[in-house]
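Two complexes are shown next, each including chain A; its partner changes from chain B in the first to chain C in the second.
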Partner chain A sequence: MGGKVTCTLGEVKNRADLIVYWGGNPAECHPRHFTKYTLTQKGKFIPKGRKDRTMILVDIRETPSAKAADIFLQVRPNKDFEMLSILRALIKGQRVHAERVAETGLTLEQLTDFAERMKKARFGVLFFGMGLSMTRGKHMNSAALLSLAAELNAFTKFVAMPMRGHGNVTGGDVIMRWTTGYPFGVNLSRGYPRFNPGEFSTVDLLLRGDNDAALILGADPGATMPQPAIDHLARIPTIVLDPKVTHTSRLSRVHITTAATGISAPGTVYRMDEIPLPLRPPLKSPYPTDEEVVRRIYKAVAKKPMWLPPEEPAAKG
Partner chain B sequence: MNATTLTLKESPTVPLEAECLSPDVIAPLRHDAIAALPVFLGKHQHRLDDFFAVEGDGGDEMVIRGDVGRVKWIGRGMTCGKITVVGHAGMHLGAYMKGGTIEVSGNAGDWVGAEMTGGTIHIHGDAGGQLGAAYRGSLAGMKGGIILVEGSAGMEIGMRMKRGILAVKGPVRDFAGLQMKGGSLFLLGGAELRTGAWMIRGTIVCGKPIPLLPTFSHACDYSPTFLRLYDRRLQERGFSLPHRLGEGDYRRYSGDSAVPGKGELLIWQPSAGVPR
Partner chain C sequence: MELTITKNATCTFCGCVCDDIELHSDAERIVETKRACILGESWFRNHTAERLYPDALIDGKPATVDEAVEAAAEYLYNAHLPLVYGLSNVTCETQREAVALTEMIGGVVDSHTSL
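Right after this comes the complex of A and B.
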């Protein structure tokens, strides 16, 4: 299993002749994606723009994005992993029985054509959304797609990119990666970073009730997480930093209103291809920025006595 | 010699990391030194006797009483001796262990016997996910030893396992034997979806019909001789494989052709009362 083979959206615009969207609805969720980067733009090596590109959409239902697609493949719900496995087998020339393909809701001909198109492309991109990464199989669905992209590089240039949802989640991942070496699910309690999604990832920690305090920054778990996790957030001291009062603020002990980054506070946002973009605020805000608040909390915490116990020379040796 | 007995005073509010709870650490120590062993509650270091009542001096055998479901890393890297947990055990039980025995009367958490190379772990209740698995980013999971589970188990058991035996009596969840590289996985109570996904080598034996990935293909129906040997060894520990001639045979599937791999999936097919 390899990592993510990726590129920037500028490269997609200038080079990509095969665009695959998997488990996402960019027409409604990323409305400028088609026109700015992936479909209609003319690129350096894509002189005719839309006519030079092929767009394939894989989803469980026909969304408005299907109108923009050249080929729409309707996969049965929760069969993405199976479909990706078949594609991985097909691109390697392995035989797959037609009757075993039927469970994905597609035919072997459709998948063979898809595999051939991917192998023949000059520069292919796989964009995948929450329809893939948040359905049964979760991280393994994403891993299957990323492996497919990596393996296609034996034939042609192929990259994969997640269609990120909320504001600046990519930024969170990128910063965690260059500070700790891991993108998420990092535990620093022993003084060094340890990575174990499932053990240290937020939702699992909350579901098991493994933490006894929470600081929520620019997120609203109270609206998105499963009920037992929300109940735990209500039980423990929860602090929320947000420009507005969220669902999480209502169950927290403390809500600190901060200036909205990009509107009334400066900052850096990472685009979904991990390009950092500086933000210049057009307005002023009476509230402090997130950074200011966290720095002040940190200063107050640093005044507390050291937590390490004093050395016990007698116990050693 | 009596076993060292540790009794949990009260369940910690957040998980307690106690990798010192291993016969290798405890055996050479006197009672006072055991009581002073470091454990970690969050980032705070505490003494072992802040959480456990310690009885007896160190020895090869230790008994842990109380619900230690929030105590992680029990028996980490142990090479010998025996740990008996009377109650539930927490995550990473017997991770990296090389030898010895761990017995749990209740349930166990995730990552039991992760990357172990030897020894035996016997769980009488249910186990969590990632039994005998490889840690994230690591190439190989368990490379030896035996894990036995009387109850059910979670996701991704035997992930990237290379050698050893893993047997589960109850049902297991998705992705059993994910990316398996070798070893034997016995799923006597069946499994949910995507068993053996991306397996390269190794054997998964299933006592019940399971949904298969489309990238597995039917090879043959037969009754493998080697399963009798496994059955004999597992019966000593109270596990039995269906293998008798006339009662049915195994349907062998090979895969996963997505990788492509040469793993085998043996699924028991009871015959319809007609002895062959």
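Right after this comes the complex of A and C.
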């Protein structure tokens, strides 16, 4: 993510005295986040561990993570962007309208206290989850939160980090950025990368019926995507690589069983703070790894004639 | 049977990617996990090295990996706009290969991030 003001979880552990979770429920979705990286650990500049840190949770409902928090702020659903905008005004000492504040479901005192705590922190961090980035406002919400973090650096050190979900999604972003320049939804059909979320993102492509074949690996869209997108996957030749026969495998033309990442397949995965970590698989699988199968498909395609149309002969004269 | 102990194993179930897990395993399964949370523990216990599924399936019928690789290559090669999607529960090395394959077949490569 370009221009993001961020850090590693090691820095959070050693330095952060104000930890804000926004639209995420780490107690249930990232169970060791508190104990391994953020709240309870003692750090180099946080000698007393939990006692030296303040945790604020912002969410639309009181999840089990609220128990761990010092302050829980219940924002009204779909008012995250408004709340972020008010906070951005408050940290700069600007006046805010009472009715705008009322909209968020919080009081001016609560928001002012929050803004002051962020300004006074020695090292603050804003972790944001899907409750922020996948609800009304979507990436505008994330952008507002990232701006808040950036602007707080006029007063103190402040960073932001998305709470990434399953497995190696972070690695996916990093690898695509490295190889194509864009983090996801990259169209290579013209032989060079094009990026346009909403046009080249999977659900949009499938809903429009743009794809005429699909290779699915490390995911089970047949269990998670909107039904019309799944229907399109069932219509076209779909190929699945997975350690199990999944929902998607059942509607596919070709399924290949592969070794499970980190269990019986070695390699590298990225942590949510973009730190690459090696896997230490304890088991030996009877199946090939995804890496090996993708490479074999690559070789099998490479044997066929090039798909590009032959070059037009240059005009003479 | 003697158990193999794997120290500092890495859990890939959530974005925390804890790399301090101790695993005790026999030839086929992980029987004990240390330091993993409940999600991580069930993740490690859920996957075994048993041969529970056919090597490959073509139109729902068991096939060899060679046949399946050929069939996959044929479908992807013939497509005008193939989609390569997922990339969550795979290694970076696999992701790199997937991007290379997408480039060759002239497709779109995408991950969970776009959802």
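FYI, the second predicted complex is superposed on the first by the 311 of 317 C-alpha atoms of A that agree within 3 Å, B and C clash if a C-alpha of one lies under 4 Å from a C-alpha of the other, contacts with A are read in each partner's own complex, and residues count from 1 in each chain.
The rule is short, and it goes like this: contacts are C-beta pairs under 8 Å (C-beta built on N, C-alpha and C of every residue); 3 or more make two chains touch, one makes a residue touch a chain.
Because the structure is a prediction, the values reported are computed rather than measured.
Once both complexes are superposed on chain A, the partners chain B and chain C fit side by side without clashing.
Contacts of A:N211 after superposition: both chain B and chain C are touched.
By the touch criterion stated above, A:M140 is placed in contact with chain B alone, chain C being left untouched. Looking at the superposition, the partner that touches the larger set of chain A residues, chain B or chain C, turns out to be C. In the superposed pair of complexes, A:E103 makes contact with chain B only, with no contact to chain C.
Applying the stated contact rule after C-alpha superposition, one finds that A:S189 touches each of chain B and chain C.
Superposition on the shared chain A places chain B and chain C such that, viewed from the Cα centre of chain A, they span 120 degrees in steps of 10. In the superposed model, A:P197 makes contact with both chain B and chain C. In the superposition on chain A, contact is made by A:R88 with chain B only, not with chain C. Minimum Cα-Cα distance between chain B and chain C in the superposed model: 5 Å.
Shared interface residues of chain A, touching chain B in one complex and chain C in the other, are 189-191, 197, 210-212, 307-308. Residue ranges on chain A touching chain C, taken from their complex, read 29-33, 36-37, 134, 163-176, 179-180, 183-191, 197, 200-203, 205-206, 210-219, 221, 224, 236-237, 239, 243-245, 249-250, 252-257, 260-272, 276-291, 293-298, 300-302, 304, 307-308. Interface residues of chain C facing chain A in the complex, by the touch rule stated above, are 4, 6-20, 23, 25, 27-30, 37-40, 44, 47-60, 65, 68-73, 75-115. Against chain A, in their complex, chain B makes its touches with residues 13-15, 17, 33, 36, 40, 42-45, 70, 91, 110-111, 129-130, 135-137, 174-175, 178-179, 193-194, 197-198, 212-215, 217, 256-260. Contacts from chain A toward chain B in the complex involve residues 1, 81-82, 84-86, 88-89, 92, 94-97, 100-101, 103-104, 136-137, 140, 189-191, 195-199, 210-212, 307-309, 312, 315.
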